[in-house]
Every structure is written in C-alpha cells, then in structure tokens.
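Once you've had a glance at the structure underneath, I'll fire off some questions.
Note that the chains are named A, B, C and D in the order they appear, and that numbering of residues resets to 1 at the start of each chain.
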Amino acid sequence: MRKHLVLRVVSKLLMPFILLFALYVQFHGDFGPGGGFQAGVIFGSTFILYALVYGVETARRVARDWVLRLFMITGVLIYIGVGYVALFLGGPFLDYNTLSAHDPVHGQHLGILLVELGVGITVAATMVTIFFAFASRGRG
Amino acid sequence: MSGATAIILTLAIPLIGAALIALCGRWPNLREGVTLVTAVLLFLTVISLVPEVAGGGRPSAKLIEMLPGIPLAFEVEPLGMLFGLVASGLWIVNSIYSIGYMRGNDEANQTRFYVCFALALASTMGIAFAGNMMTLFVFYEALTLSTYPLVTHKGDEAAKQGGRTYLGILLSTSIGLLLLAILWTWQVAGTLDFRPGGILTGKMSDTALAILLFLYVYGVGKAALMPIHRWLPAAMVAPTPVSALLHAVAVVKAGVFTVLKVVVYIFGIDLLRDTGQSEWLMYVAAASLIIASLVAMTKDNLKARLAYSTVSQLGYIVLGAALADSWGIVGGAMHIAMHAMGKITLFFCAGAIYTAAHLTEISDMRGLGRRMPFTFGAFLIGALSIIGLPPFGGLWSKWYLALGALEAHQIALVAVLMISSLLNIAYLLPIPLRAFFAKSAESVSAQAAPQQGIKEAPLPCLIAIGVTALGCLALFFYPTPILQLLEPLVAR
Amino acid sequence: MDIPADIPGLYNYWIVVVLMMVGFYVVISRTNLVKKIVGLNIFQTSVFILYISMGKVKGGTAPILVDHPVTYSNPLPHVLILTAIVVGVATTALGAALIVRIKEAYGTVEEDEIQAMEPDE
Amino acid sequence: MIAHNLPALQVVLPLIAAPLCLLLRGSNWPWAFATLVSWAAFAISVALLSQVLDSGTISYAMGGWAPPWGIEYRVDTVNAFVLLIVSAIGAVVLPYARVSVGHEIPAERHPAFFTALLLSLTGLLGVTITGDAFNLFVFLEISSLSSYVLIALGRDRRALTASLQYLIMGTIGATFIVIGIGLLYMVTGTLNMADLAARIPAAVDSRTLLAAFAFLTVGTTLKLALFPLHSWLPNAYAYAPSVVTGFLAATATKVSVYILLRFFFSVLGTEYTFERLTLEQLLIPLAAVAVLVCSTVAIYQNDVKRMLAYSSVAQIGYIILGIGFVSTTGLTAAIVHLFNHAVMKGGLFLALGCVMLRVGSVRLDAFAGLGRRMPLTMFAFVLGGLSLIGVPLTVGFISKWYLVQAALEQGAWILAIVILVGSLLAVIYIWRVVEVAYLRPPPADAAPVSEAPLSMLIPTWILIGASIYFGIDTSLTVGIARRAAETLLGVTP
C-alpha cells in the first residue's frame, strides 16, 4: 500500500467528510431522509475504507475489538433503555410521549433521537466488526 | 378398615414393599423378609375385602380424574375379588419358592427381581380392582412393563430375543387394538365404567359389535388366544418363579380376566347372547384350545410344553366368556383359580427339577422320580387337576364349562372339551409316570451317578410346592365359597 | 382481466418473480456454498423489491413531512423492508462466516466434496 | 406498573439481557445471569397466562400507538400457553446448561453462547406474543439467526454444514412467510392480525390472497419441518450442542406450529382455509406420511440424537394431524401435544446431554451397559421413551387419546390406525436403546462412567416428572388446550 500515494492522500482527505456526512444523516433523520441505519453504515464505511487502504491490522489498532464490542452493546442498550425509561415513567414500553414532562411532542423528538442514535452506534460498530472478522481471517 | 382404604392399601402395600426391597438390596435376608411380609400383608388386606363383596357390597375408591369423565377409579366386584385373592395368595407361595430357587441357582440381580415382582403385583391388584376400562388399561400396560425386566432377567441373547417378542406382541396388541377398542367404546357409549349388563346395549350394530369384540379379544394379548400366543413360549427364557408369575399368578390371568370383565361388564352377557356376535369367538377359542394341546404334545422342553398347555387352558376361559351364559362365565372365572393353582404347582416342579438336577428336557427325566419323589408326586397332582380329574379342583371349572356349553346348545363344544381333556392326559401324565416307572436314561445316570438316592430342591421350594399341591386338593372339596362369590354375576 | 395488458402494467411483479426464481434456482442448483448464499441474497432482494414497489403511489413524492398536503408514497413498506434488509445482511454475514469456518474445517466449499468426506448419515 | 406491562416485559426482558450478557466476564456469570432472566421470563408467562384465564385477551400497544397503526402485543389463551411452554423450557434448560455447556463449548465463547440463547428465547417469545404480522417475521428471524449460531457451536464439524443447511432452508421459509405477509398487506392495507382477520372476508375472491395463502403455507410448513420439508431438522438437532438441541427441539418447531395456527385459524379464518381451500386435504396426508416414514427412518438411526430428531418430525406429524381434523377435539389434541411433546422430548434430549457429558458420544454403541452405570439418566430416558410411545400415565398417552378420538369422531379409521402404528414404531426405536443400555454389557475397555451431576439430573427429571405428572392430572393442560382450541375455532365456550 506504500505505493498508492494518491489513494492514501485522497482517502485521508475524504474520511472526515464521510464521518461528518454520517453525523448529518444521523441527526437530520428527524426532518429529512436519513436515520440511524444509514448513518451507521456510512460511519462504519470510513473505518472500512481506512482498513482497505492502510491494512486491517492498522485499522484494528484504531478501532479495538473491545471498543467495537462495547459500542455494539451500548447502542442496543440505548435503544432498549429508552423503552425501559418510558416504562418506568408510567407509559407503555417505548412510549416517547412520557419522556418529556410538559410536551409530548418534545418527548417524541427526544425519543426518536435517542433511539436512532442507539441504532446508529450499533450498526456502525457491527459493520466494522463484520468486516474485520472476515478480513483478518486466515492472515493473523 | 373401610373398603376404599383397603383398596388403596392393596396398591400401596406392594409399591411401598418394592421401595423397601430396593433399599434393603444389600442384605438378602432382610430383603426377602420384606418381600414375604409385604406379600402376607397384601393377602390379608385383600381378604379383608371379601366379607363386604360376598355380602353384595361393592367397595370403591377414586384416585384422580385423569381425563374428563374418565377417572382412575376402583371398584371391587366378584370377578376381581376372585382374581385378587388368587394373585395375592399365590404371591406368598411364589415368594417362598423364589427364595429357594433364586438362591439355589445363584441368580444375579436378585434385588431387581424382587422389586419388579412387587411392582407387577401392584399392577395386578390395579387390574383386579379397576373400576373402569381405562384404569384397567393403565395397569395392564404397567404389568407388561414391570414384567419385562423379569422376562429378560438372564440378560443373554436368548433373553433379549424372548423379551423382544414378549414386549413386542403385548405392547403392539394393546396399543394397536385394545386402545382402539377402548376409544371406540368411549366414542359410542360415552363412558368406560364397568356396569352390570354392559354399556353398549342398543348403541351399536351387530357387525360393529363383532368387530369390537375382535379388537378387545385380540387386543388383550395377555389372553394368548391363538395366533397371538407366541409371546408366552418366548417368555420361557425367564427364571421359573417368573414363569409361575406369568402363567399362574398374574399375567395370563390378567389377560383372561380382562376378557371376562369386558364380556360381562362392557358388552353384557345378555347383549352378546341375544345378538349371537360372540359365536365366532367360541370356535376360535375351541380351535386355539385343541391346536395348543396338539402343539404341547410335540414339545420336549418341559417349560415349553407347560407353556402350550397354558395357551390351551386359556382357551377354556375365553370359551367360557364366549359362551356368554351364566354357567360359562362361572366356569371361566373358576378356571382362573383352578388353573392357577394347578399350573403353579407344575411350574414349581419344573423349577425344582431344574434347580436340583439341572434338567429341562422331558426325555432326560426318565427315572428321575425315584430321586425326586416329592416333586414328581406334586407334579402328578397338578397334572391331574389340570386334566380335570377328581379329587382335584380342576374338575369343577371344567364341569361348569361343559354345563355352559350344553346350556348354549353347543354339543360340538362339549366334545371339544372332552377331546381336550384327553389330550391333556396324553401330554401331561406321561411325564410323572415315566419319571417314576421308566428306567433312567443314560444322560441322567451320567450326571447323577456320583450321588444316587434322594436329592430334592431346596426346602423353600418344597414348601411352596406342597402348599399349592394341597391347594389343588382343597379346591375340590371347598369350591362353594368361590361359587357363592361368583353367584351375583349370574343371578340377574 | 386482460392478460396482455398485465405484462407491461405489472412489470415490477414480473421482475420480482424473475429475480426470485433466479435466486431460488441458484440456491438449488449450485454446489458451491458461496454461490448458494449469493443466490439466497438475490432471492431475498426480490422480496425487498416486492415490498418497495407495492408502496408506490402513482404521482406520489417521498414521504417526508411538509407543510402542505401532497400525495406521497406509502412509507410503511419502506420502513418494513429496512428491517428486512438488516435481517438479510445479518443472514448473509452469518452464512458467510459459516462458510469461512467450513472452509477451515473441510478445506473446500463445494457441497459434494464435503458430502464425500462424511462417510455415513 | 409491572402487572400492566407484562406483555412487553415478556419480550424485552430477555432482549435487554442478551447484550448485557456479552458484557459479563468469568466462567459462571453469563450463565447465572441468563438463568435468572429465564426464570423471570417464566414467572412473567405464568402471570400472563393466569391473567388471560381470568380476564380474557390482553392487548398491549407498543409505544402507546393504538392498534392497528402501532405494533400490538396480543395475548389470548393460545399464545399464553405457547409462551408458557417456551419460557418454561428455557427456565429448565438454562440451569442445566452450566455443566453441559462448560463441557462442550470453549470458555471464551460462553458469553456469546448465552447471548445467542437469550436472543433465541426473545425471538421465540416475540413471535408468539406479537399481534403484528411483520413484527412476527422480525422476531422469527431473530430466533432463527441466533439458533443458526447456536447450532454452529456444536463440537462436530458437521454442525457447521448442518447449520448452513438450516440457514438456507430457514431463510427460504422465512422469506416465503414475509412474501405472504406482504401480499396480505397488499390486499388489506394492514399488518395487525386482528385487523387482517376483520378485512380478509371482504377479499376472499382475490387471487393475491390465494398467493399469500400459498406462500404462507409453504413458509410455515418449512419452518415447522412438515414431512417433505423436514430435511434440515435431523442434522441440525443431531450436531448441535446438547443444551441447544434440548431447547430448540422443545420450542422452535412448537412456535412454528403456533404461527401456522395463528395465520390459518385466526387471520385467514377457518372458513377460508379449510372450507374454501380445504388445506386439510394437503396437511393430513403429509402428516400421516410423516408419522409413518419418519418413525420408520428413526428405527434405522445409529446416532440416538438423530433418532430422536426423526422422531420429532414424526411427532410434528401428529400435531399437524390434529390440526387437520379442524375440530375442537383435534385442535385440543394438537395444542396439548405441543406442550406434551415439548416436555417429553426436552427431557429425552437433556438425558442424552448427560450421556454426552459422561460418555462423550450418543451413538447407540456408547449406551452399552449404561443402565447400570448411569441409572438415573437411563431411567429418565426410559420414562421419556415410554411417553413417546404413549403408554398410559404419561403425557404421550393423553395426546394419543385425544388424537385418536378426533380421528374416530370423523370416522377416519385409517388415520386412527396410522396414529397407533406410529406408537408401535416408537416402541421399536426406543427399545433398541433400552436393550443396549440394560442388556448389553459395557465393552471391556470402557472407561469408568459415573452418574451425571445433579445440576443436570434435576432439570432432566423436572421435565420427565412433568411428563408423568401431566399424564395423570390433565385438568390443567387439557383444560387450557381446549379453551385455546375453542378460541381458535371461534366457538364461545
């Protein structure tokens, strides 16, 4: 990979923008096309790109296995956790209306935001994990 | 003790006994003591039921509602009372005999043997006192399963094969035919209770009745009606006390008992007589009875000959049921007791011969009577009782069966009974006679040469043989209690 | 119903059926496990298209909240199929992972060769 | 608050527990946690069932979106009973898992194993409880995906191919189901099952509905391994880890049967399914063939686990036969057999797990002399086997009783005989094992074998004990099954 200078530089330049775009898709999902799934995949693709260009081992030093695992679990827990919070606040499971004390619409916004965040984190971590799992097989 | 408690006790005593026997496995004397005590207690409990039943009472008990409308329930009526008495009484004798036999032959796994024996007896009590067909079926299957380890006791290839036949035939007939018959009955009658006069009157066409009877009679594989008798000779691989259990105490008796019970309380005698749908069964039973006798004559193995003799004798009882008249039923029921007493004597003798001289083939037993006079004397008594000669109990049951045949205007069947008795003479009597009067065969002298003179089986065996032989005699002089017990069956 | 008119009018369903059969055929006929998984993927994709094209409303726009009412396509099938796609990805990933391990255990991904290696049953 | 949210908790409790389980370290913590969760799920299902029996159907709106717009969780007698079966098996199997899994699966995979098991439990419970057709598909895939993982964890390398085969077949089945659901949506514009049921009568002439029906039929029968579509099952069960076999054999196909019941009776309705399209004419012959052929095939197996797997296919035949009668008695038989078969087959597979632990193999030869060396395990096996045969005082008998009765009610003598012949075939395959275990001496060079540990024996005996107890006192199981059957048929009791 040492030789492909153009590739290395361009991809290095692109990465922050991809990440930024992922965040845009993530947080603009309430108002336009987007959401956690898409954002997660885009976010994850940065790491995959990095691994493709700089090698899987280097990428694994950036995104450690335990970190990925932690993010995977955290994402799911955020999602389900929101449901439980609604439950504890007296509504049915996943009832976002309960999340805000004064305005149900705020509750809806907050709930969707959190749930999509959870989904995004999990999807990103999972995509990267799956890629690593296959790519590092038979090499190390 | 109330009737219900006594009934529950008849089930509980052998079960508790089995548990205790299993616990005492390490101390043979204690274990066998427990067996005997259990047997005696059981017999006493069964006896305690007699006065009430003889007085026309029908003690009953209900355990649990197994299926809606079909509880596990018990009710003691004369037939069951008789069967319960025979089984529990002979268990005492059989236990005494077992102790001698099992020790004399150094059998392995004796604890398992006694445990399964007690379980088999518990199942038998369940069959005898069952208050409906479902309860009877439950214990019928329990009896099959609890006797399987006994049949395969030796654990060798022959035992495995015998056990396979035993279980295969008994389970497949009961699940394939008997269960179907029971379900059909339930479907048609809406009840499975045993009721005097039956539960099927006016509910089925005549043809359907005949088919249902077929399902019942052949579903009860334990009744060993030809051609599903194969399991009985196959089970001969078991130790002799087990054979006695199968032939005299419990298993085949449970079979014919079930047939009688079905005929009397499910179909109802009147129904069968009026529709005439049991006629085919008379001929089948008659054929079974004659053919089995003929086969018995060809067998040289003593236990095999006795096994076919049993098949033939069971034919009598089924015939009694098929006659579907009062004398037939009485004769059939009596024959349960009479044959049990006679056949158990014969088997005990066969076991004693095996224990003392290690002989199984009849042709090797020539002259053996001089060494085992007591055993062969008892054998003669048992044989005469089976044949139906006075002064032994077997006379009475055959007498009533013949009366039944006459009442049904079946002269041919009377002839069959007579011919069969002649055949009985032909295959049973030569055994003791040759043992007493023929010259010893070479093989015997070769084995027995070192010690001529009397050498009998162990004492417990002899005691048991003596008791049952005397029993044959006693039954000739005192058949009245049995008749009185059975009277309500036919008084209607 | 006039059959000839159905063919162009319901062309999305024809695509679905063709894709489905292609995928199904690949799953059945190929002995290479990787190709089987690819076939399975095509098979699943046909369902995605079925759902998505089902939600299309003629002249409708993307189902996004705007101030004035417009005709918009039914969003529900899209949402559903998003889930189904995730499930499909998971299935493919798992299948591929299994194939990697099969390759490690047997040294081949050809079904007939694997079967030849297992003597009985 | 808790009582009110039970339907949601039933599913989301194991759901949240699954990722948490991944976080736990140490050899016993994941197991202990998963066990606790399974017990809680069991308690919830008991509470749900008693609520349903007392006060009728419970409807729970996920996220406060009222049905038919939101996802509804709907609990009636039928699925409350299935929930109970699934969670009860889970609660019994998990305590058993500690030793068995410790023996069969490397320690570093334990958190992943228990996570997958919890996810599988979540999926199965979710399929059962949900009132939304698409949600059903999602949960179905959750449970399927996790069970592919679980099966692939088996020690034998054939577990991998078995798992892949199951994956392919299972995905095709699930995809068929989702196509069917999509077509139903096309016809009715709703995914809520109760709503679907209300709208379908208006569309009975539609060809789309016919196509939906066909896809659902093939999809569900594939998932529940009805006779010609059963080829994935024997391998998958035979090579999976013992715990997994016990759990899946007792639950997975049962839940698939539930899907069939739910779609064909509640959603499409008996009138459409059976009177208009006469599905029973397809189901009954296939089920009868399944009983006869698969029981016969089971006789020829030398791997006992595989033998029982084939027997499972035959038992599914019984269940489908009961459904095919489309009568209260038939459905009662089918539903009660769901429970009965789960209990006895679960017990049998757990007993095999004990043998696997101590002997290291479940091939027939490995059983030689085990009757003496592992008396409790083998006696459990014998009792379970007797139940499979249908000996009275066991649950198997109760199922057969109702099945044959349902057959006789319709005058279907041939089917009654098929059912009984199936029992006789069961005698043969069970007795092959019994003979080897009790009558064949162990090989001279056999390593000494001791009885399985109590932590495995107790769960085994709980299931075997249940298969005896519910064979004697049937008021609970048959009572619920009858009510469930009446619910499905729309008969007001």
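Here is the rule we go by: a residue touches a chain if its C-beta (ideal position, glycine included) is under 8 Å from a C-beta of that chain, and two chains touch if they have at least 3 such contacts.
All values derive from a computational prediction rather than experimental measurement.
Two chain pairs, A-C and C-D, are compared here, and C-D has more C-beta pairs in contact (counted per touch definition above). Of all chains shown, the one whose average CA position lies nearest the global CA mean is D. Chain centres here are Cα means. That of chain A falls 25 Å from that of chain C.
With centres taken as mean Cα positions, chain D sits 28 Å from chain C.
A straight line joining the Cα centres of chain A and chain D is 36 Å long. For the pair chain A and chain B, the distance between C-alpha centroids works out to 79 Å. Chain pairs that touch, as defined above: A-C, A-D, B-D, C-D.
Interface of chain C with chain D (complex): residues 24, 27, 33, 36-37, 40, 43-44, 47, 50-51, 54, 76-77, 80, 83-84, 87, 90-91, 94-95, 98-99, 101-102, 105-106, 114, 118, 121. Residues of chain D touching chain C in their complex: 134, 137-138, 141, 145, 148-149, 152, 157-158, 160-161, 163-164, 167-168, 171-172, 175, 178-179, 182, 185-186, 191, 301-303, 306. Within the complex formed with chain B, the residues of chain D that make contact are 386, 389-393, 398, 400-401, 404-405, 408-409, 416-417, 420-421, 423-424, 427, 431, 435, 438-439, 441, 472-475, 478.
Those residues of chain D lying in contact with chain A across their complex are 1, 5, 8-9, 12, 15-16, 19-20, 22-23, 60-64.
Residues 31-33, 37, 130, 133-134, 137 of chain A touch chain C in their complex.
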